[in-house]
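Below you'll find the structures, each written out as structure tokens.
In what comes next, chain A is part of two complexes: it sits with chain B in the first one and with chain C in the second one.
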Partner chain A sequence: MILSKIKCIIPLLILLLALLLGISIGSVYISPLKIINIFGNRVFNMPLFHNVKNSDVAIIYYIRLPRILLALTVGGALAVSGASIQSLLRNPLASPYTLGVSSGASLGVALVIMFNISSGILLNMFLPFVGFVSSLVTVFLILSLARKIDKNYSTNTIILTGIVSSLFVNGLLTLIIALSGDELKRIIFWQMGSLSLKGYQHLLGILPLIIFGLLGIYRYHKELDALSFGEDSAKNIGIDTEKIKKRIIVLSSILTGSAIAVSGIIGFIGLVAPHIVRRIWGYKHSKLLPLSYVFGGVFLLLADLIARTIVSPSELPVGAITALIGAPFFAFTFFYKKR
Partner chain B sequence: MKKIITLVAGFALLFTLVGCIQSKEVEITDREGNIVTIPTSIERIVSTAPSNTEILVGLGLADKIIAVDNYSPTEGLNDSVEIINFREPDVELLISLLPDVIIASGHNLVGDEDPFFQLKEAGIAVVYIPSAISIDGVYEDINFIGKTVNKVKEAEEMIRILRDEVEAIKETSKLITNRKDVYFEIGDYSGVLYTFGNNTFLDEIITLVGANNIYNDKESWISVSAEDIVNINPDVIVTNQNYVEGIIETIKSRIGFDTTNAVINDLVFVVDGNYTSRGSQKIIEGIKQIAEAIYPDVYDFE
Partner chain C sequence: MLSVKDVSYSYDNKKEIIKSISFNLNKGEFMCIVGPNGSGKTTLLKSIGKILQSKGQIKIDDIDLKNLPRKEISRKIAYFSQLTNYINDIAIFDTVMLGRYPYLKGLFSQASVEDIIKVEDALHKTGLYDVRYTSINKLSGGQLQRVFLAQIIAQDTQVILLDEPTNHLDIKYQVELLDYIKSYMETTNKIVIGVFHDLNAARKYADKILLLNDGKIELFGDKKLVLDSNEINKIYDLNIKKHMISSLEEWL
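This part shows the complex of A and B:
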């Protein structure tokens, strides 16, 4: 009883600690007292200390805070969609990326950058929008292709059509990159993933979609429990597996599509976070989904913290950090289980 | 019979001599320190970088350029000039053009890989000019190109004009008492901001016109975080991303930037990207634009 309570409190403590770390560490040092004062000022209209500069307020409240909140949201969304797709396809290596979400988004964004369809101020929100739409279009194309091959949407059909289509889309992407000149850098940087220069408007832009996706998936947590035991047993207890599969794929694509639309391609979170949660808290989706959200969010927040401080004032692409930490970590937990 | 042999031998000797005169060659050391054998008479030139093309055209050699890279300005060049993507150069085409010399740029090199090794094996002279990192380096590049293409006098004249203008700006800058802190942005790649530290000619230019590059303590080309820029609080922001529509508005509207002196006082400027990134005689246009942007009341070049 006590143990299970501790198990519930730990994630909350980790979340809190990560938030504190994220807000107080950056390329510029601002003392904790000042940070508290800045929050007091913004939230309760308390007067600012005389030694708190306007730039300090901007850094804490308008640069760092939206960034760590965005990291939590994006990381959480990636982890939850990873967890649900893994259960659905009964494959621990699957993620919405397997279904072509990332390739689709990359292709859309590359096309926009290449043909300079929009630039300047609009680009700020236009690229994410295109990334989101093209990722969803890709998933729908893949699903309809899978349906043509196999009406039951069997696991293997989905994975294989997903991988084949991703490879094809990646081929197109490589073609575009090879033909591009100066735009090359922007496409590559977008693909590496970054949370820098993102503000509240990005967070608010994707939040409705993320909430919709999260609640939508959570609604099916029992069905996911059943599906992860196998399709036949799920069917036996009266679950319309085709319908559920399609819905979960679409919902998790919405989650991933909107997340990577603002952050670029960030890998490994959808793989590592659910894996840790399953190892410690078990396979029940009522716990797996929310805890994956917490751990995915914390993971990205910390990875981003490293990305923006380790070679300060320069920043590293956070996608590289998640992979550099994620891959060994994943290998470790995997081998630890085997022993 | 003897006569015939003498005649044949004589002709052979004559032809060899003529051949020797025609293919007269000299050895020069290029800007990377390689010793390269080039023909003394240069009629067909390939230029692989915009800066070198501008220098060649400035030396009056536009009609001798037979191929350029896809970023070089083609104004004034022959209509038949080949435009080649030197990221993946078409070696066969280049050889078939029979160039006397290829004036290559440091940024054609991909790591240690020499994209022109096949051309060198085919006996074509390739000289390298690394991207200039100082204004003095630009002088030396012009001087070197002048020597290579037998336009030494023209090159000296070009350097003299450039140097005079640079020195004049240096004199004027001595009047400046308030050294403004400048953030100069050269790239915004999906939120990753690029600027430069010392050992770049742009840093030298900012100092030359009398201002201070806020990342002067850093080395070469660097990416920086928005947080750090906001904290340093530049007086002026200059960017050469003139190819991005609405770049000034984009910079001003970045979160947090509204607290910087530059944005508060509306001192965000855009300058020409080509003039400020190519190490040719045209760099002076870039210097003037930067000077006028930072100190409009001190400099007036009209």
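This part shows the complex of A and C:
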């Protein structure tokens, strides 16, 4: 009983701790006490300590907070869509990337960068928008191709179609990169993933889509429980498997598509976070989905913390950090049980 | 009553796996589908359960399943599938509760008192009540089959379809499971259709047998009539009865 209570509190504690770390550490260190004071001032009109500078307040509100909230949003969305696709395809190594979301987004963004298409006012939001749309278009194309091959949408067909199409799209992408000149660096940097120079407008831009995707997937938590046992078993208890599968794929593509639209490609969060949650809190989706969100968010927040501090004042691409930490960690947890 | 009329199925509109299958079963009847490998036994079972979208007509108590929503079909007919690979590790209770899914109404709906009573009843009947919070990954193959049997009991349908339910079970569990199914259906007047490789089990537990060969009904009727027939010997290319008796004599 006590153990299960501790199990419930741990994610919250981890989340709070990560938030505090993320806000306090950076080029300027701001102590946790000051942070609490600054938030207390905003929420309860607490007087500010005399040693709190105006610049501290500005750093928190305009630099660190938006970035941290964005990390939580993007990381969480990647983790939830990873968790749902893994259950759907009954494969712990699957993710929306398997279905071509990332290669689709990359291709769209690369085209925009290469042809320098941008529309004045929307400049900041234009790339994310293109990334989002092209990732969804790719998924729809892959799904309709899978449907042509196999009208029952079997999971193997979906996985294979996704992988083959992703490779094809990646081929196109390589071609574009080879043909591009000065834009090369921008395209590659986008693909590496980064949260730098992103602010509230990015967060607000994707938030409606993320909330829609999260609620949409959570609505199907029982169906995901059933689908994890296989399609026949799910169909037997009354689930319209073809319809639900399509919806879950689209919803998780919306999540991943909008997340990577602002952050660029960030790997391994969709694999690692759900995996940890399954190992500790079990496979029931009513818990798995929200907890994956928390752990995915925290993972990206911490990885971003490393990315922006370790070689400061310059920054590393956070996608490299998540892969460098995520890959060995995933391998360890994945094989640990099997020994 | 279950009425199956002219049911055919083909994958991708090519060769038909089962062809114009028709038969009727009354309440309380246990039918086994037997036939050689590749004769279409599982395809027939999945077609009856509407797991596969087949041509033809399937009626339960004069209601055509064709135009019913999936959930409503699942309130009338349950399909016990062969276990495929799965990634899951939820508690036994939650797994059995999935059997009540067809009765849930609306979004985010929670289990009703009736759902919980039915699930607890199914857990008692299958002897799983005391271990109901154990996660299913800790179970042996036999126990897992029992969990899914409990799910189907909780589903509470008129017709139950069993696809090789004793696969992977040792002989003790085989006997236990089939004895249990037989007594359960006799007390509840359910219709049960099972696919069995084991002709001994078919002979012991079934009332009727449907002999399938190359997707067509070769013979359908009382179990003795089918199992003692020349047709079955011809299809299996073996004198079944003689073989069974001689192998039993080895035990004497």
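Keep this in mind: the second predicted complex is superposed on the first by the 307 of 339 C-alpha atoms of A that agree within 3 Å, B and C clash if a C-alpha of one lies under 4 Å from a C-alpha of the other, contacts with A are read in each partner's own complex, and residues count from 1 in each chain.
Here is the rule we use: a contact is a pair of C-beta atoms (placed from the backbone, for glycine too) under 8 Å apart; a residue touches a chain by one contact, two chains touch by 3 or more.
This one's a predicted model, so the numbers in the text were calculated from it and none came from an experiment.
When the two complexes are overlaid on their common chain A, residue A:P66 makes contact with chain B while staying clear of chain C. Applying the stated contact rule after C-alpha superposition, one finds that A:R308 touches chain B and leaves chain C untouched.
Contacts of A:A58 after superposition: chain B is touched, whereas chain C is not reached. Partner contacting the larger number of chain A residues, of chain B and chain C: B. When the shared chain is aligned, chain B comes close enough to touch A:P317, but chain C does not. When the shared chain is aligned, chain B comes close enough to touch A:G26, but chain C does not. Residue contacts after overlaying the shared chain place A:G264 against chain B, while chain C stays out of touching range.
Applying the stated contact rule after C-alpha superposition, one finds that A:K185 touches chain B and leaves chain C untouched. In the superposition on chain A, contact of A:S196 is made with chain B only, not with chain C. Looking at chain A, you'll find no residue that touches chain B in one structure and chain C in the other.
Note for the complex: chain B touches chain A at residues 70-71, 187-193, 215, 218, 222-228, 230-231, 233, 243-247, 249-250, 253-260. Chain contact summary for the complex, chain C toward chain A: residues 12, 46, 49, 51, 69-75, 78-81, 83-91, 94-95, 98-99, 101-102, 104, 107-108, 135, 148, 151, 155.
Interface of chain A with chain C (complex): residues 86-87, 90-92, 150-151, 219, 222, 225-226, 228-230, 232-233, 235-240, 278, 282-284. Of all the residues in chain A, the ones that touch chain B in their complex are 26-28, 53-59, 62-64, 66, 119-121, 123-124, 127, 181-182, 185-186, 188-190, 194-200, 264, 308, 312-315, 317.
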